[in-house]
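After this come two complexes, each holding chain A, first together with chain B and then together with chain C.
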Partner chain A sequence: MSYTKRIDGRKFNETRPISAKTGVIKNADGSASFTIGNTTAYAAVYGPRNLYPKFLQNPSTGILRCNYNMMPFSGMGDRVRPGPSRRSKEISMVTQKALLPVLDLKDFPNAVVDVFIELVETDAGSRCAGICAASMALADAGVKMRDLVVAVSVGKVDDKVVVDLDYNEEAYKDGPVADIPLAIIPSTGEISLLQMDGEVTKEELIEALSEGQKIVAELYEVQKNALKERYSSKTVQE
Partner chain B sequence: MNNNSKMNNDSKNHLIKSLEKGIRFDGRKLTDYRKVVVETGVSKNAEGSARVKFGDTEVVAGVKMMMEKPYPDTPEQGVIMVNAEFLPMASPEFESGPPGIDSIELSRVVDRGIRESKAIDLKKLCLKKGEKVWMVSIDICTINADGNLLDASALAALAALQNARFPEYVDDEVNYKKHTDEKLPMDKLPLPVTIHKIGNFFIVDPSREEEHGVEARLTITSTEKGIICALQKGGATLTNDEVAQMLELALEKSTELRKYF
Partner chain C sequence: MGKLMTQDKTIVVPGETLAEGMDYLPGNGTYRLGDKILAGKVGLICVEGRALKLIPLSGAYAPKRNDVIIAKVIDVAISGWRFDTNSAYSAMLSVKDATSEYIARGSNLTQYFDLGDYVTTKITNVTSQKLVDLTTKGPGLNKLRGGRVIKVNAYKVPRIIGKQGSMVSLIKNATGCKIIVGQNGLIWINGEPESEIIVVEAIKMIQGNSHIRGLTDMVKEFLEKKGCKTDAPAEAGATEKPSEKKFVKGESQ
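Let's turn to the complex of A and B:
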């Protein structure tokens, strides 16, 4: 068997339709939404603000705290019970590690920047959508950053290397599947998040990573445009 | 001045002076809603979903349906459950952690309206007596909290319920990937309207700022026939007269909100 055509008809190196917006949550210091196919993430940034309890404070720099959460009705299948799970805690942690390399919080000792990521609907790739939204929200909040962070999943379905797997592809039964969530700092190409589950050969993995690097520019444009749109004179007047 | 609210005295005086002139901080009249936007089908995996905006207040509600065993005391009835998540994303005043009293109260008031009006025929949710019934869970998540979360949440919950379609159920398994055309057996719209009292004035749809100045509130849930099916008072005391005035206003406003369905 060979995977000749993707289930939803996309090209192997094509992502699902992407859209993004910033300034979607008025109460937050910065916010963004990021949609890729049927996966939609909201991110809100609060801070830098005081951090309590005090023992968490770091006198040499501000810290970044990320919280990834799926809305109870957002999952494929059963209702997701509200509150943190082992999965959501791990994703929160890797999200924080993915974003931290572009941030400079030295000007805010003892403070915290809180990033809340909420998934309204999910169809695979939710941690990547969350990271894309979060990096835009941080930029929207005016936190000092070296670059945005772009995240997308790459991987393999049967014998083909593909970009941006959806749920049906992750659940493909007729051959091996590998899902590789990836976060990349566009200006340097550095990888700040790399995970994988499934089965893949060394050659396929290398190929998947280079496909990931190629698709980054496309997502980066969407993120930058969403930020520019918010601060163009037309939207400010609204 | 007798200030029973969270607002400081100066702001409160200023607010009351403004209300005396019949105008609110954002230019609305006392009984005006902010711009209301209702959008359905916002989360594809949910059986039903809706987004509601009252000005800058925004909530999303989603309906999930599961096949469960009924409660022993109601073996022929399906189950409905309302839950609200005050996500810390929505306001600097909200914190992570288990649901606080405000979100519990909100979900219970929304639940009560739907349950007590018998808007959903729970018997029709029963597939096999004592063994299989649909459990309909309604989750409300806040996106941005700028006052009047309760009315916005209830509207979102109702819109999501109306938007819901049963998933396919074959061979004792729910197939969430396929939805039927079948809607929930729902024939009433129990819509809550909360009337807020500031000084001697009654307002609807307060912003977060105005909410801090509120002394008392009364949530009145009514159906399209004007039958009142749930009440919830909050804050300071109210007189009989005041309750009567609030009822009148709430019924009038609920008709106005019904046009979004």
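Let's turn to the complex of A and C:
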């Protein structure tokens, strides 16, 4: 049996509908929301600000601290237990490592930039949505960065390489599934996050990665427009 | 031949290609990657001949030498005060930079500046590790009494002040409030409570629309709608220059 048509009718190299907005949290120094299909992430950035406890301070550069959290009601009907879990700690860590290569915090020794990512609604691809939202929020906060970070999941369902898996595809029963979250720095094509759940052949992985690279421009455009929109509107009510 | 990929006075985001070829030079907030010039921040692009400069639209305040800022006392040490500068770094004011008056060793420093006081100060030095030194010796540098302090984005301060202080004196004259704008985004307003509220609203408006041309007219219109006379002669005290600094002891004495 083969996977000839995607469950929600998309093309194999098509993402779910994307929308993004910046400046959604007024009290934060920078903020953004990113929606892909039924997955919505909010990110708020505070800082650079002073960092305590003191042993975390780094005298040569500022540090980045990320916190990923799924809201209790965000899952598919089951309540997500609040507080840090093994999973959310891991995602916080990989998010930080995905964002760090574009940031330049050399001008802020001993300081910290805090990024809080909250998932309001999840339908697979939440760490990717979180990274997209966080990179926009960092740019909105005026942090020096050489590029935005674009994240999307690619993978394999049965015998087909697909882009941006949703939950139904991740849970596909009639064949092997691989889910590969990917974060890319658009200007250079460098990959700053690469994880995998499932199994793929070498050829399929190469194909999946090149599909991911192709979709990056589209996502970067959405992020770029969301950032520009904030400052180009005629009169802003604060 | 180099090619410009953007226009003067457009908003750019990090990673956006601004120019190709070696004919253009990367200025503040931009960087070179291969033979391209890319933006390194969200901001407004300025094409100055061959140089591309980026004016940031947001960001935290970074302490700079000779900036006059409004700071808040957060700690009183053995021979000075520690101030919150509305940035990632606190600043130190030592007794010898606070006043030319004689202060005996071991005297109670809170009678000069107490915890929670707001003070107009000038940054004398910033080290590579962002240790900040302050002084309150100089005209207009002293403790702020009464009024209220509001916070704005530090990158909006030039718009709030305006060309040669045009914007801030417009608001001062219209409302009769005393206003001091710190480079760190803290603004002190003192006047009639109703006028203070108008000033706060006007500043919020400037902050929200700082990238728009004709902002002065917009603010003028707003102030007139609120019942202020924008072309009236300056009211007493409103445009008064900060008087020569006098060290005043705290009320506790």
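Here, the second predicted complex is superposed on the first by the 232 of 238 C-alpha atoms of A that agree within 3 Å, B and C clash if a C-alpha of one lies under 4 Å from a C-alpha of the other, contacts with A are read in each partner's own complex, and residues count from 1 in each chain.
Here is the rule we use: contacts are C-beta pairs under 8 Å (C-beta built on N, C-alpha and C of every residue); 3 or more make two chains touch, one makes a residue touch a chain.
None of these values were measured; they are calculated from a predicted model.
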Joint occupancy of chain A by chain B and chain C, clash or fit: fit
Touching partner for A:Tyr42 - first (chain B), second (chain C), both, neither: first
Touched partner set for A:Leu165, first chain B, second chain C, both or neither: neither
First, second, both or neither for A:Ala129, with chain B first and chain C second: neither
Touched partner set for A:Phe73, first chain B, second chain C, both or neither: first
Angular separation of chain B and chain C about chain A, which is computed from CA centres of the superposed model and rounded to the nearest 10 °: 70
Touched partner set for A:Glu118, first chain B, second chain C, both or neither: first
Partner chain(s) touched by A:Pro82 [first = chain B, second = chain C, both, neither]: first
First (chain B), second (chain C), both or neither touched by A:Asp107: second
Partner, of chain C and chain B, that touches more residues belonging to chain A: C
Closest Cα approach, chain C to chain B, once both complexes are overlaid on chain A (Å): 5
Residues of chain A that lie at the interface with chain B and also at the interface with chain C: 49
List of chain B residues in touch with chain A within their complex: 42-46, 49, 56, 58, 60, 62-64, 66, 83, 85, 87-92, 96, 98-99, 137, 139, 141, 143-146, 176-177
Sites on chain C touched by chain A in the complex: 11, 13-17, 29, 31, 33, 38, 40-42, 56-60, 62, 88-90, 128-130, 155, 204-205, 207-209, 211-212
Parts of chain A lying in touch with chain B, wherever the complex brings them together: 24-28, 38, 40, 42-44, 46, 49, 67, 69, 71-79, 82-83, 114, 116, 118, 120-123
Chain C-facing residues of chain A, complex: 29-30, 47-50, 59, 62, 102, 104, 107-112, 139-148, 185-188, 220, 223-224, 227-228, 231-232, 234-238
